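Letters A, B, C and D name the chains as they come in the text, with residue numbers starting at 1 for each one.
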Amino acid sequence: MTREYNKVEMMICASSRYLEDGKTVAVGTGAPCATAMLAQKTASPNLVILFEAGGLAPALPQMPISVGDSRTFFRGIMAAGMVEMMTTCCRGLVDYAFLGGAQIDKYGNINSTVIGNYKKPKVRFPGSGGANDFASFCWRTLIMTVHSKSRFVEKVDFVTTAGFLTGPGAREEAGLPLGTGPYKIITDLAVLGFDEKTKTMLIESVHPGVEVATVKQETGFELIVPDFIRKTPPPTDTELRILRGEVDPLRLIIGRS
Amino acid sequence: MNVLDKGINALFMDPEPDNARQFFAKKSRAMTDKRMNEKDAVERFIPDGCYLAIGGFGANRIATAVIHEILRARRKNLGFFGHTSTHDFQLLCAGQCIDRVDIAYIIGLEARGLSPNARRVMESGEVQVCEWTNYALAARLKAAAEGVSFAIVRCMLGTDTFKMSAARVIECPFTGKKYAAVPAVWPDVAIIHVHHADIYGNCQIRGISIADLELARAAKHVIITAERLIDNTAIRMRPTQTVIPFYLVDAVIEVPFGSYPGNMPYLYYSDEDHLAQWLTVEKDPQEFKKFLDHYIYGVSSFEQYLERCGGLAKLKQLQKLETLVDS
Amino acid sequence: MNVLDKGINALFMDPEPDNARQFFAKKSRAMTDKRMNEKDAVERFIPDGCYLAIGGFGANRIATAVIHEILRARRKNLGFFGHTSTHDFQLLCAGQCIDRVDIAYIIGLEARGLSPNARRVMESGEVQVCEWTNYALAARLKAAAEGVSFAIVRCMLGTDTFKMSAARVIECPFTGKKYAAVPAVWPDVAIIHVHHADIYGNCQIRGISIADLELARAAKHVIITAERLIDNTAIRMRPTQTVIPFYLVDAVIEVPFGSYPGNMPYLYYSDEDHLAQWLTVEKDPQEFKKFLDHYIYGVSSFEQYLERCGGLAKLKQLQKLETLVDS
Amino acid sequence: MTREYNKVEMMICASSRYLEDGKTVAVGTGAPCATAMLAQKTASPNLVILFEAGGLAPALPQMPISVGDSRTFFRGIMAAGMVEMMTTCCRGLVDYAFLGGAQIDKYGNINSTVIGNYKKPKVRFPGSGGANDFASFCWRTLIMTVHSKSRFVEKVDFVTTAGFLTGPGAREEAGLPLGTGPYKIITDLAVLGFDEKTKTMLIESVHPGVEVATVKQETGFELIVPDFIRKTPPPTDTELRILRGEVDPLRLIIGRS
């Protein structure tokens, strides 16, 4: 049997496997939230989800449209506020930050502020929101984004959110909490990690049907290509059934592919 | 104090706590009836040029009625505190009300997409900007609420967000650790929508409080809109649930469905059709003008706006969409 | 960082946030049944020499059962966080459990007078001290709860309280204003008595929270005693009222009348006769020893202590004395 | 008719008149709290009382034994926490702090920590509690204390709580909020204020039957004695009736005279 699935479904399923049971994750709007819901409904029923506006560990009835809407604390453990959530992250209690982004560089720095010159921008985006906070405070940052040369760039136009900044030691030197940083980038082509020594991006696995050459071609900087590159396991039947039936029945996220 | 690094953008507000204290020294602590209508509240507490902050989170628990009145009163050159501002920011851009903004999240409406008009305004260069993060802005309010001139945070460090802010890097006097010091902000006025308030301004909020408790304490003037006015006795029977005490509050306005078209936890969900309509109509300046005239400039009250949006039938539908209801 | 002035006393705890983060990285976030008895909780989380903080306010909402168990377990050389500590401090002095204390308010029992024994202990020189104020200590917890190494306050400045503290004077990087910087404190363990908790440690408190919310977030381990265990479903129906979430908590113990002889808002008032007896009997070391044997060392459970204090009849009387009751 | 009243009643009644209607006051345990209750029940029904543990504006049913007991928020406006109360003071919203003290000097500095040498104290007292905080943050500090040479000393053994410290400009120089400081000292003999220029204590009024010479004699430092010294008005019948009947029927405070 060949399963049919689209790129967004692939990204969500691949990402959800990083959210281990009994861990804590701070999520942004949209796909990251759908991913956390999928993880909860598959391998990680005790995954604790935090929302920046104050919602903690809800029994999410449906996908929230906003990280501050009432679904984010529906039958939740706590309905608190932003300072509570952000300081919980800063105290070291939150394992994962899960974000999106408009541009990303080889050190995992994210731009969600402007394209072009800051003072005279070609495109203005919303800005950090809570992304910079989560990626500064949480132990490991997961980033989900579409793979293309215009997004994976040598130098982002604006570092909204810190990855490894300029390389080894730079986060620590800047004053960011020790032992934190980007962990995995999950795209529609591959899963990317970081080289321990150079803190630059490497290919960890390519998705079914994707060539390593394609990943390199769609990346605007030199990727580290290890000798051994795994194949990302495709979405399972169970994952797809739950994702389509329970997580996003209105196809708000997975319909965007 | 050694400052190791500093953001290059200008600070919009004075972070001096003794100046803020001078203001609060004179603010009345009398428990008086503070009810008034949106018009009077805007007239008295939101002059042209003042620095405004809005409670809630973009399109959740926002004080729409007062924002509409700001547009109708043709307020200009407002400063704005933009921490996850979505529909509220879109409204202020529609009214061309602001000329400077502290930014954490603007233009976007989260999963709904970006506002074409707000984007146009922000790309035009007409509005002076300063970058922050959501937590940095919450921490700025918290510092003000605590009566001190700055807070220290471990975010922003190392990024262009820091460079384009007005934050400064300092070291911990105990550990040598680096922090971003963020300056206190005492907004001139805050508008906050709550579930219950008494006529004196004692407020209860159900569900997440976002940064509103810090905001109510930081702002020099506070305008409250409430879904429902309740008796002071009810406040006094549940003092644990009071989150904003009366002496912070200047105006109390009862506005049922006051967060519409946003979500109000336990009461009604957001009107996604209406919000989608905004994003569509903003693409065409001609259409947008007509839209604004119809929904905002051409109505004289929030009730009339609700009528034009579908009235009771629509509101009942939004009540049904709200999954979070009382047990 | 320029330090303009510094208190001369030694800091008892490490204010380095990255060390605290290392601890919290490993702390379990699993929502598991954390019920145990006082004995096990003290055995597991309160070793000799650790630094302890107790919730509540002296003789209001205190976790008496666990404190008694600390005495029975003959714990020694504990560090103590003494922010308005009254009967709790008196108990720890009676058990000779502490050898260092951060002080804001000790020895006294407010309007009731001073504890002769606690005073004797503190005048003996056996206990290492460091001075603070109630707010400074709350701010130290708050800094820890926020994951940073210090907080700035405008109290203590200019006084001997500052001189005999471990605080430092710094300047604001924006205004030049002077502040007392107080170092974060992450207590090894906190004991907090609450109204309701579920078996996972999600807690609700009715009435004033004092500094307990900051304390629960700052402490590395948290032991909760609760008047009543409630179902997790009840927590999830009222998430606005959760003030301590489960992942902060290590042990949950159901102890009805657990704040006795202290006051528990909405449930029972303090037993002033018993507290007065303490102040009298402490004057005579011989009598005091007998008293402690009778009420603490000679009993094997908190229930037995309550029996010796007058049992149900006494408790009913204290319930009647509590004016603050439900509507 | 000659009214009979004791020293504590005199102090409480004289003090209560400084607590104006519609103002805010942060009070300590015991007599200050009784005073605020009396003010509420006489001239200042809208006096807002704050307690450091979190109680705000209660309809005090009885005198609290502790500033953290349940009476401090009985039918109160808010039951919050210590940070809320202290930061409200620090923001400049609280008009009066009302404290007691073991020792006081001519600048209004208060000692409630030790008598004798700090390291080897003759007597150890509880320490600051919230007194240093309130007197640092609130606009005007009122202090109620018994008048004697051992309490009114040239130099307190330990400055627990800041008065005017070493004189004009010293509070500001130390970093304390501008425009704050001790306002009145109410004793069993007199009401004392402060000289605007020197920031040292002066006699404002003496209680009925008290000679200025007695006040000077019971004070361990040079008091400023203005040409004109008022007589403190004695407790009124109404004040005494309410104080004895409603505020302290068990004579917990007024019985200590």
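We adopt the following convention: contacts are C-beta pairs under 8 Å (C-beta built on N, C-alpha and C of every residue); 3 or more make two chains touch, one makes a residue touch a chain.
This one's a predicted model, so the numbers in the text were calculated from it and none came from an experiment.
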Determine which of the two chain pairs, A-B or A-C, is joined by the larger number of C-beta pairs in contact.
A-B
Subunit A and subunit B: spacing of chain centres that average the CA atoms, whole Å
28
Averaged-CA centre spacing for the pair subunit D and subunit B, given as whole angstrom:
40
Mind checking the centre-to-centre distance between subunit A and subunit D? Centres are C-alpha means, answer in whole Å.
58
What residues in subunit B touch two or more of the other chains?
17-18, 147-148, 153-154, 177, 179, 206-207, 237, 239-240
Can you pull out the residues of subunit D that are in contact with at least two other chains?
73, 79-80, 83, 90, 137, 177
Category of the chain touch graph - line, ring, star, complete, other:
other
Write out all the pairs of touching chains, ordered by chain label.
A-B, A-C, B-C, B-D, C-D
Across the complex, what residues on subunit B touch subunit C?
1-3, 11, 15-18, 147-150, 152-154, 168, 170-177, 179, 181, 183, 205-207, 237, 239-240, 327
Of all residues in subunit C, which touch subunit D in the complex?
56-60, 82, 84, 86, 103-108, 110-112, 114, 119, 122-123, 125, 131-136, 138-139, 142, 153-161, 164, 169, 177-180, 206-214, 263-266, 269-270, 272, 322-324
Subunit A residues within the subunit B interface of the complex:
29-30, 51-55, 61-62, 65-74, 79-83, 86, 90, 109, 113, 118-133, 136-137, 158-162, 165, 170-171, 173-177, 252-253
Tell me, which parts of subunit D touch subunit B in their complex?
22-24, 46, 48, 56-57, 59, 73, 75-80, 83, 87-93, 95, 137, 139, 177-179
Counting only contacts in the complex, subunit C reaches subunit A at residues 17-18, 20-25, 27-31, 144-148, 202, 217, 235-237, 239-240, 242, 245-247
